[in-house]
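Written out below as structure tokens is the structure these notes cover.
Residue numbering begins at 1 within each chain, and the chains themselves are lettered A, B, C, D, E and F in the order written.
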Amino acid sequence: MYRILQVMTDAEVAQCRQIAASAPFVDGKITNPHNTAKQNEQLHDRGAYERSSQLLGGALMRSEEFVNFAFPVALAPPMMTRYKPGMKYGPHADSAFIQLPGATIRSDLSCTIFLNDPGDYEGGDLRISLGDAELSFKLKPGEAVVYPSDTLHQVVPVTRGERLVAITFIQSRIQDPFRRNLLYTLNEVAALEGGNMSPENFTRMQLVQNQLMRYWAETP
Amino acid sequence: MYRILQVMTDAEVAQCRQIAASAPFVDGKITNPHNTAKQNEQLHDRGAYERSSQLLGGALMRSEEFVNFAFPVALAPPMMTRYKPGMKYGPHADSAFIQLPGATIRSDLSCTIFLNDPGDYEGGDLRISLGDAELSFKLKPGEAVVYPSDTLHQVVPVTRGERLVAITFIQSRIQDPFRRNLLYTLNEVAALEGGNMSPENFTRMQLVQNQLMRYWAETP
Amino acid sequence: MYRILQVMTDAEVAQCRQIAASAPFVDGKITNPHNTAKQNEQLHDRGAYERSSQLLGGALMRSEEFVNFAFPVALAPPMMTRYKPGMKYGPHADSAFIQLPGATIRSDLSCTIFLNDPGDYEGGDLRISLGDAELSFKLKPGEAVVYPSDTLHQVVPVTRGERLVAITFIQSRIQDPFRRNLLYTLNEVAALEGGNMSPENFTRMQLVQNQLMRYWAETP
Amino acid sequence: MYRILQVMTDAEVAQCRQIAASAPFVDGKITNPHNTAKQNEQLHDRGAYERSSQLLGGALMRSEEFVNFAFPVALAPPMMTRYKPGMKYGPHADSAFIQLPGATIRSDLSCTIFLNDPGDYEGGDLRISLGDAELSFKLKPGEAVVYPSDTLHQVVPVTRGERLVAITFIQSRIQDPFRRNLLYTLNEVAALEGGNMSPENFTRMQLVQNQLMRYWAETP
Amino acid sequence: MYRILQVMTDAEVAQCRQIAASAPFVDGKITNPHNTAKQNEQLHDRGAYERSSQLLGGALMRSEEFVNFAFPVALAPPMMTRYKPGMKYGPHADSAFIQLPGATIRSDLSCTIFLNDPGDYEGGDLRISLGDAELSFKLKPGEAVVYPSDTLHQVVPVTRGERLVAITFIQSRIQDPFRRNLLYTLNEVAALEGGNMSPENFTRMQLVQNQLMRYWAETP
Amino acid sequence: MYRILQVMTDAEVAQCRQIAASAPFVDGKITNPHNTAKQNEQLHDRGAYERSSQLLGGALMRSEEFVNFAFPVALAPPMMTRYKPGMKYGPHADSAFIQLPGATIRSDLSCTIFLNDPGDYEGGDLRISLGDAELSFKLKPGEAVVYPSDTLHQVVPVTRGERLVAITFIQSRIQDPFRRNLLYTLNEVAALEGGNMSPENFTRMQLVQNQLMRYWAETP
């Protein structure tokens, strides 16, 4: 399941762009030296990285929809990446585990937060391969798409303008996507329809939700 | 979970009693020769067994509540057993697999159908041990109790009169009791509250139910 | 994962259309009486159904790509369905288990085989909902799309012409989609690259493939 | 499985009662504001809470029987709750995860420690629903009942006197109750009968116990 | 786990040898045409195959030790194979599923029954690779070794005389080797020590054995 | 699977021997008081233990082969043990969980590092029982054998000289040996053959490896 969320205010987007405009970017190969598919730039200034990742991560985590959907237990600090004309990120699979300073997280879900206007660049779509079908995302500034990390995906070449996004990886309390989506759907139905149920049936519904959480969720 | 169901009509109960009254019973050890805990009698006439087991099995399988609760995929032919004063069936665990002529079934659930009046005998309660707690069943004629086969249970000594019951074993499409009960509860809530939900949410609820069936149920 | 396969020859497509043209169709509610979302027609003549389902099922099962992808263990006889202007099949979830005469199958994968030209009708796309994203299929005659049965999907209203397709449901030897897709991918890589590997490494690769089959596949 | 344990000395019970007598209680809704079923009072003084929970938690954890049965890995600080005439806690399901200051625990098992004499109040039984059967507990001061958190349970209305208990939630190293109970039983049999076995068979038995621990227990 | 069993009488071994001596053998590649590792001969006469496989399969299935160890649910008809000087079967992995006329079985365990004297040939050891360690088997006539099918194994070149064995594949009711071995060990301990236990503890032990069978064994 | 690794340099072996020669050893029963099978000596000096365990543990963890094979997440500090003539460690099963100061680890793999020359002592082989087969290890100084902790194993009596080894226990990120070995093999094949694959197929292979890591590995 794929979720598109409005996570950042215009002011926050503007702040991120400002940080991006004034801080150095380096070749994205720095964090994946052997990855020939990766041709982009990423933010490379400790202070700028900390400020922007707090802004971006904070926006994600305050989104109730995001929290309900992803059951996040850990979030890699979002990193701004930039694609200039000719740049792309060929089809690849995200690593299962990501080393952060002082921690390792499992990337169950990946997230791209779009930071400039889709009209400002050509190409640069995020394409996710589902066998013989394909999904394509090019969202408005401040919008994020959350997608399973275990798909083959790519950023198609930018042919004009500049693509500025932030990317992050989420470790979910429910690793298995089938289980996570099922519980998310059940929780949503219960939240939306619980008020229409008899108290007795709502209590039974909650029992089911709690049982599945016990059974499927990793302890935090 | 334990379910008490009214499964037989008075006429059917009367027929069973008539069969029991006119057919020979033998020592219950015949089917469990090494089981020292078992001290009862069981019906031992092919014709009488066939007639009574069809009556009893048919009554169970036509109970919608039973089918919804047990997800039955196979049923051992119910067998009438009789306890006279002094007889009992000490604490025991039901076998996981039961050899029938031409088939083997897994006993996930056990079922006792009571055939005479609780006032007609003293003792003879079905006692199920749950660690330091205990459940006790002594039901009306035509009522059945369905309980997990993997508990320690016993029939306490009959001290007066005669206890006539039929027992059977059920293989469920959902072996795991946790999963079976959870899906039963969810199905019940959906059946009772589906009409109050928006069509969209009811469809999502059905998706969840179908996903769990695919994931948990053995193919028939 | 979604797979688009060319499964039928032009001659076979023509035969199916001929059968459809000369046999009676009835309201699709006949097989799903309580489903208000379903507004289409389905073939309702025993002889025509048998001839067409053999043609369609045979075409699917002779496709090596289909067999490699789906690990099919049972196939519901494909049924031709027809959508005239105004008809549609609203968002729904396919049943987990489907009763056929003499058998029950689990629907792990669903398949739509397109039988007339996409230019012959407007609307009638198969839309599969993936949360906030959506896939849409409208294929050439003789092409089939195979998709997981546990998604919410719909056929959008036909506004002109006639949509003629056949639908079927597949029980896979590997119920879990994650495992099925993983093994399919591994088998593909081994088939395509095995000749380039050292014999020793190819043998180790085969050991892994066989171990996963033992571990994940249901016995046929 | 349900376990009844004598966990507190008379002196400890007296201390708890003294704390309860001299510290303020507040409406139990404070920790479950949306729970209409809950009508009781709970201790609401930081110092009193700390003293009593150390006393109560310490008593539980020093019980070898408790440790063997529950495989506890975390324990919520037990909280004293009080039911005056008219108070009750209607049927409810315990939350799967409980937020504590600085930690979150999964509630696999629930525990009620009784603190005053059953003769001192009427009603106030702990009732656990097992479908159509029911268990009821009203124990002596210092006794505790440990029961699965994933049952529907209630405290029936107190009609006279005062019910004083402490409740807590236990995260077990073995989440699945089937596995936990099985391993508990196997460990008990090995402890009681190991001395009668040949050294070789006892070693094999230990191998089985260790394998199941590796396989089923969460790492601490 | 590896089991060595005396399964055939001298008379049965003699009968097998006689059949082998008078029936045609063909190149073993006939059943594995693409397998370059396989250089041996196998029996290729329908009548001789039927007679010998009944003799060999019957001997295995009457061995109580074999049945207790393997939990067999299906057995491929054992086939006699012959290695003359220079012949061998290089390292390979047995197929997960084996097509038989009218059935497919999963090969969980493989079995080699030795039919001539180890002194009659040089080389021809069955070598099983366990990473950097290795097991080697060259047994007496009538003895069988049962080993997991999911290991890399080989028959080293015969350098003198003739190696005559029969091979077969077993589908177990418990696919997972960890679980199968654990339950086998527990059953053995219970069988050997049950008589020394108190009846109560023996009943609890049986409950555990039955629970694991329900949980782990495939229905026959 | 069993792995033999050259992990220590001659200099490191010499250092360990020196520590052993100058520090006190005590009866091995000190850490397993009830274990009658254990008759050996173990190092019992805090400083000597710290120095030697850092040397030994560091050597193991710098071995890429060890890390690839064991997926280690925690390592008990290796402890030197000594067997003089007449000493042995009878057949035993390693504990599933091992209490260390400040931590508990699960012993998935056991490891013996040999520290003196096999010619310097008679007997003292590490024997691992695999049912009716047996593996025996007596390695060169600096070599280690890594084996599953859930086997019955023993050290046969030393009859001459002195056996000096270090032993340790490893908690793996992948508890299940079947899964650990499968992923190890797949990773090895990918590492050795990846360069010969098309980039597209290598990417698909990596997707499979990452999916299995997500699915099977415990989060660190």
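The definition used in the following text is that a residue touches a chain if its C-beta (ideal position, glycine included) is under 8 Å from a C-beta of that chain, and two chains touch if they have at least 3 such contacts.
Remember, it's a predicted structure, so these values are computed and weren't measured experimentally.
Under the contact definition, chain C and chain D share the contacting chains A, B, E, F. The set of chains in contact with chain D as well as chain E comprises B, F. Centres computed as Cα averages put chain E at a distance of 32 Å from chain F. Between the Cα centres of chain C and chain F there is a gap of 51 Å.
Averaged Cα coordinates give chain B a centre that lies 40 Å from the centre of chain E. The set of chain F residues touching two or more other chains comprises 176, 178, 204, 207, 211, 215. Every pair of chains meeting the touch criterion is listed here: A-B, A-C, A-D, A-F, B-C, B-D, B-E, C-E, C-F, D-E, D-F, E-F. Those residues of chain C whose C-beta lies close enough to touch chain B in the complex are 36-37, 91-97, 104-108, 149-150, 152, 171, 175-176, 218. On the chain B side of its complex with chain C, the touching residues are 199-200, 203-204, 206-207, 209-211, 213-215, 217, 219-220.
Every residue of chain B that touches chain A in the complex is listed here, in rising order: 178, 182, 185-186, 188-189, 192-193, 196-198, 201, 204-205, 207-208, 211-212, 215. By the touch criterion given at the top, residues 1-4, 130-133, 135, 137, 145, 176-178 of chain A touch chain C in their complex.
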